[in-house]
Amino acid sequence: ACGSGSGATGATASGAGDVENAKVAFLMPDLASTRYELQDKPLFEAKMKQLCPSCEVIYQNADSDAAKQQQQANSALAQGVKAIVLDPVDSAAAATIVKTAQSQQVPVIAYDRPIPATPADYYISFDNEKIGSMIAQSLVDHLKAEKAEGGILQVNGSPTDAAAGLIKKGIHSAVDPSGFKLLAEYDTPDWQPEKAQTWVSGQITQFKDQIVGVVAANDGTGGGTIAAFKAAGVKVPPVTGNDAEVAAAQRIIAGDQYNTISKPIKIVAEASATTAYAFMQGKKPAGKSTLYNTPSELFVPTVVTKENIKEVLFDSGIMKAADVCTGEYAKGCEELGIK
Amino acid sequence: MSTIATDRQDERLKNRDGLRGAVADVVERARGGDLGVIPVVVGLIVIWSVFQILNPIFLSSANLVNLTLESAAVGVIALGIVCVLLVGQIDLSVGSVSGLSGAVLAVLFVGEGLPVWLAIGAAVLMGAVIGWLYGQLFNRFGVPSFVITLAGLLAFLGLQLYVLGTKGSINLPFDSGLVNFAQLDFVPAWLSYTFAVIAAVWLFASGFLHAQERRKAGLSARSVSTLALRSVALLVVLAFVVWYLGQTRGVGWMFVFFVALVLIMHYLLSRTKWGRAVYAVGGNEEAARRAGINVRAIYTSVFVLCSTFAAVGGILAAARLAAANQSSGAGDVNLNAIAAAVIGGTSLFGGRGTAFGALLGIIVIQSISSGLTLLNLDSSIRFVVTGAVLLLAVIVDSVSRRSRTSHGRA
Amino acid sequence: MTVLSLRGINKTFGAVAALTDIELDVAAGQVVAIVGDNGAGKSTLVKILSGVHPPDAGTITFEGRAVDIPTPAAAHKLGIATVFQDLALCENLNVIQNLFLGQEIRPLRLNDVAMETRSWELLRQLSAKIPSVRVPVAALSGGQRQTVAIARSLLGDPKVIILDEPTAALGVAQTAEVLNLVERLRENGLGVIMISHNMADVKAVADTVAVLRLGRNNGVFDVGQVSTEDIIAAITGATDNAVSRRAQKGQS
Amino acid sequence: MSTIATDRQDERLKNRDGLRGAVADVVERARGGDLGVIPVVVGLIVIWSVFQILNPIFLSSANLVNLTLESAAVGVIALGIVCVLLVGQIDLSVGSVSGLSGAVLAVLFVGEGLPVWLAIGAAVLMGAVIGWLYGQLFNRFGVPSFVITLAGLLAFLGLQLYVLGTKGSINLPFDSGLVNFAQLDFVPAWLSYTFAVIAAVWLFASGFLHAQERRKAGLSARSVSTLALRSVALLVVLAFVVWYLGQTRGVGWMFVFFVALVLIMHYLLSRTKWGRAVYAVGGNEEAARRAGINVRAIYTSVFVLCSTFAAVGGILAAARLAAANQSSGAGDVNLNAIAAAVIGGTSLFGGRGTAFGALLGIIVIQSISSGLTLLNLDSSIRFVVTGAVLLLAVIVDSVSRRSRTSHGRA
Amino acid sequence: MTVLSLRGINKTFGAVAALTDIELDVAAGQVVAIVGDNGAGKSTLVKILSGVHPPDAGTITFEGRAVDIPTPAAAHKLGIATVFQDLALCENLNVIQNLFLGQEIRPLRLNDVAMETRSWELLRQLSAKIPSVRVPVAALSGGQRQTVAIARSLLGDPKVIILDEPTAALGVAQTAEVLNLVERLRENGLGVIMISHNMADVKAVADTVAVLRLGRNNGVFDVGQVSTEDIIAAITGATDNAVSRRAQKGQS
């Protein structure tokens, strides 16, 4: 029924009866962070399957290319999707997608990152700016508690990534007034850990023991930072992260990384599936609040450190000890009581 | 004709005239592996069939309309790449230049409120200046173009970030003519058909005049029936395309613009002294120089063209996206543009290639990308399949070209 | 009347002195043959005259004026046409395209009919046996290529023609035609420089023979007044040489 | 020597012997533009001076130690690129292959718990198999290597994602031998100095024996004083490097490993039949074929080498980062590896280049990157400056090479 | 004893029939000259014999066995060494490297002293005037390159040597040496195929002359029993040809 090839399939708002066999697009922005492929996608698909067993999810990843994302959206529309869940590569450029979709009466749910220019139909996210400020604040608090003296390095995300810009802004909001000197900061091309490692290595020679902490914008760059300290043969200062990757959890358990932030993707992914399904049924869900002229739902993430990792990541079921407590990490897990 | 044409007198040539001769000629050339763009077309048909079987939406009118529009921006860039490859050089910076051009356009048009034509003019001019700069560096210092343009890739990416400044991303107004041109303006059906007819008539008329001229000079010439057949075939194909795309939105002006550029470049490359010089420089630079060609001017002209096309492509991309952002032109724009040229039969060693190659090459690449988009695969699988399909398409091409080598005409 | 005159030309490549203090005069309507052993510097001299290499020292006088020939384009402009020993053809272009390279008819809308017609004329004049002028030069035989290179130098309106071993790869008939051609060029008042290893050809068409040996002048002779043996002795630097020894062996 | 050596008998040669002759030779070659790697070294010195002025930490021992270690991974990849460029081909997939190799290593070693040598062996073997595959595709179908390896780039990136699977990113244990090798293992000072002495003695001894052999055969040969001077110079340079790096952590084993690979490749390329064949195929494939060389085997061997080196580079990169992740090998690994080869004097058209070029080229690139790292610039400015410095370094190089062209030896 | 024998060889390039039904026999200790106009198909025949091109039809018999020569390596293995008209040298390699290409001494640790010594020997034997064997072939003159190509064919231990216009670019002394060489090869019992446009050279060293015309056999002559005029007539296909006309003109 969906194979007609007409781009105007969704032209009339459809009744609940039509929802069977419907399609919904789930468009993710990049591969630089693992979460989109490994968490967002399967979680969204699972929830959708539960809500509408016969529905089909069209998943696409734009690999950091706004033009490719536009192509993917157009292709989804040509296939007659009933709703689009969109994590924009470029929040501004995504306006085109919203326009095109809405002109064909297909609702768009902004996911993870907002689309300020043209109001989408709904917005569900953890707040990236907030994430930045939370990881940085957690680090600053820790340093103050330790009575550390010296400065901080800041490793930002990709200079061509709008989300990285938001995180960066959030980090500054915590670091700038902290009293710790910002020694240097760096926008990591393509979020590449190797690049972060090279840069941090240079700063270690330059600032030597002045560095008391590093705010890294995600777990990959955080990992690169830690490797730089290890390779320089100096003590690793507290380093932040973001995304709660398995590798980061291991580093936290081993005491190499100070924090990361858990944005239980399950929450947003399932919320977006529920909302998308409502739209597909022709309903118009109302948001919990309104942001960028869009009905919105923002969730609060949790900073993860050694202190709370057991509760936040393991007791909640987000991670399994079997995946994390391998080899050299078994001992740390044991100490923290993770099984 | 009673006497044998001047160019058919050698005893070793098999004489052929008229339609039968033309057919025999094609067969002969096919056996010799000299098939021009036919192998690419065959590759394309294979890809299209497979994707159509996997997802019946692929060849739907709506999807093909998208395909045409998505081809335009990188296609224009590939056209410039064909030119630099023809002289045996390379431009790695077309992605950055296109991104910078989009950024400049957006800043001037939206940020500074200049009229759109002025903003476009400035962006295109900037492209030309960049190319001129490359030409100077190349001619004066003899630095390999690979390195010059690698430096350009980095520098202009930096400049792009700088121009966009803290904004990071700038929206172009949806109701501006430019965005409409790239997204919503389609050629009215009657006009499309008119274009098709004009093209066919023109093909016949020019062929006929040319044949007459040749006959008058005592040279062999295509028969009227061959010419007629050829232009009827063109008419049928074009009319079918117009009709099929017209089932949904029709032929986009942006695509027409791209095709027009291809035709212009085809003319410049094949019918002007400049074009000859380009092929000569690519084939044997020293021989070209000894023939009195201003080789430096040719290099400069080609770099200017390439960067200019990159700038134009950047404008089209920004218009299509209705935004210019920090990652515009990044990612695989460079590789796609170069790959389109190469798939279209342009040699990386210079001296061989056509403007039409860019058109066909980009359609191959966009077809793969669009077809896979419809397949709903994991990213990891998608990458693997993209690689495999790309390879397949080119193997079809190379295998048929290959017989040429075994005939000693490599 | 001297069209071309060289004085004190020097050229060094790395550690090798290819030309030392070369002098040469060519008059209008005169055929000067340059002969010499392999590596004597003949082609290097040709390349200097045609703007391919700049000389390290020395002066070139063309039609009475001291000139600089920095590029091949400059040589063309002066009216010096050259057939290079390595032919300098573009293998990817076909015969017509090579013949008219840089001097196409109707630059903005190439007149390929006129060019093809003229190509056939030129080739027929040289007795060329080329089946089709629309194949890339890469597909031609050695002699066919050389004919194309020679034909090319006849386009335009040169005052001096330089032929660097023009008949090396030619068949007997084509060689005869080229020698005829050289004579026609002389009759038309052109200065001709011809390089050849074939003494018979040299004696047949040249007025003067200039000998180079190891990059230096080794005598200029009037063809009428010199024997083949003397030329060969000047080339090899000895009256007892491989050629004379072979000749003796043949007789004995 | 009373008689003139066989190779010095031509009257047109200026005769020179002994040390004076050697110096005159160098001057002559410099004037002729045939300077080998000297221009790159000059470019490097310029870059180093500028960065040192801008930030006095740049030439500090600690930073140079970092520089050496950061050069190793991409340097090894560049070594493979030199080989493919020498035969006039290209490999665009080295980044993906290195990423995949790191992923395979991590999955087998950490995930499956295999012994590290087995995991390394598997990753390297996989690299070799990939190269073999490229060779087959290239030889059988005549597909341009640009396209084959572009397909490979995509496919192996996909495979990398697939292999990493649900983990996304895998840590290598910091206390494993492999990570130590890449991060913390340094050659003890005494051993470093021993290496330096061995190198100098070996240079002298081999030169001396060779000269003797030549003299016996009636050929010209380097004088003992020239040879002595040369090896003393080497000793001084090496000893200084060892001493200076030893001020902080010394010479890393990973760097020694890289240099050892460079030396091995240098030997293979310059002193074996296979190396000759590589240059011959790159210079004139058809001539090589007619000389009876198995051209296909040469292509295959070179693709295998390149992919294998890419795999080794990927292992080193993973070891240095102590992790393998989805973005390993992405970004500018490809471009940096190719650029290192080109900056080191390898021609993109085949037939010209050396293994040492890869070493020098990667040091140029890493110097730029490290120097800018210390400058703390905005990313936009950083990109611009990187481009500019890269260009400058190569202009210095090209200008000095250029005189060669004007001497007709292009 | 016939070492090499061809029957019914055909080769077509696109629309051009380059060779039609060619026959040829070469005996050990015999010098067979192949002559013919430009584009007659001589080099194509050579390329078929040396494994460069596969024939479209026909049989090749080598030392009594029917053989296939799919690659140049196969030709080398049979013992067929060839000097190609286009020389087939690698311009980026130096003289020694080109001479020993594919047959280097001590493959795993090249013996460059031995190779250099042997190079000088070979070149001296051919009277070559090459200042240094350590320069890339790109820097050599036309004749110097040709000498290198000829010298190369003498390495190894061939049974048949094919020389495609070996003296085209050579000086008088070098030409004499090559002719001497051909005679030595014959004395050593090798089969020699020599292509040349120079009738004097052909008459001097060949035993038999095979004429090709437009890709077909046009007669095989015993050198002792044929005049130069007859050979030329067979080549051009007419007794009244450019050569004879030129000869007449010279007499009148």
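For clarity, chains are labelled A, B, C, D and E in written order, and residue numbers in each chain start from 1.
Basically, contacts are C-beta pairs under 8 Å (C-beta built on N, C-alpha and C of every residue); 3 or more make two chains touch, one makes a residue touch a chain.
If you're wondering where the values come from, they're calculated on a predicted model, not measured in any experiment.
Minimum number of contact steps separating chain A from chain C: 2.
Centroid analysis (C-alpha atoms only) places A farthest from chain E.
Summarising the inter-chain layout, the chain whose CA centre lies farthest from the centre of chain D is C.
Should one ask which of C-D and A-B has more C-beta pairs in contact, the pair is A-B. Mean C-alpha positions place chain D and chain E at a centre distance of 43 Å. One inter-chain figure worth recording: chain C and chain E are separated by 25 Å, centre to centre, where each centre is the mean of the chain's CA atoms. Once the centre of each chain is set as its mean CA position, chain A and chain E turn out to be 73 Å apart.
In chain B, the positions touching at least two other chains are 10, 12-13, 161, 286, 378-380, 382, 408-409. Multi-chain contact residues of chain E, defined as those touching 2 or more other chains: 13-16, 52, 129-132, 139, 214.
Annotation for chain A: residues 31, 37, 159 touch two or more other chains. If you check each pair of chains against the touch rule, the ones that pass are A-B, A-D, B-C, B-D, B-E, C-D, C-E, D-E. Looking at the complex, you find that chain E touches chain B at residues 13-18, 47, 52-54, 214-215. Taken in their complex, chain B has these residues touching chain C: 6-7, 10, 12-13, 210, 213-214, 217-219, 271-274, 276-277, 279-280, 282-284, 286-294, 351-352, 408-409.
Chain contact summary for the complex, chain B toward chain D: residues 88, 90, 92, 137, 141-144, 146-148, 150-162, 286, 335, 338-339, 342-343, 348-349, 378-388, 390-391, 394-395, 397-399, 401-402, 405, 410.
Only residues 13-16, 36-40, 42-44, 85-86, 127-132, 135, 139-144, 146-147, 165, 168-177, 179-180, 197-199, 204, 214, 232, 235-236, 241-243, 245-246, 250 of chain C touch chain E when the two sit together in their complex. For chain A in complex with chain D, the touching residues are 31-32, 34, 37-38, 159, 184-187, 189-195, 197-199, 201-206, 219-220, 223-224, 226-227, 230-233, 245-247, 250-251, 256, 323, 326-328.
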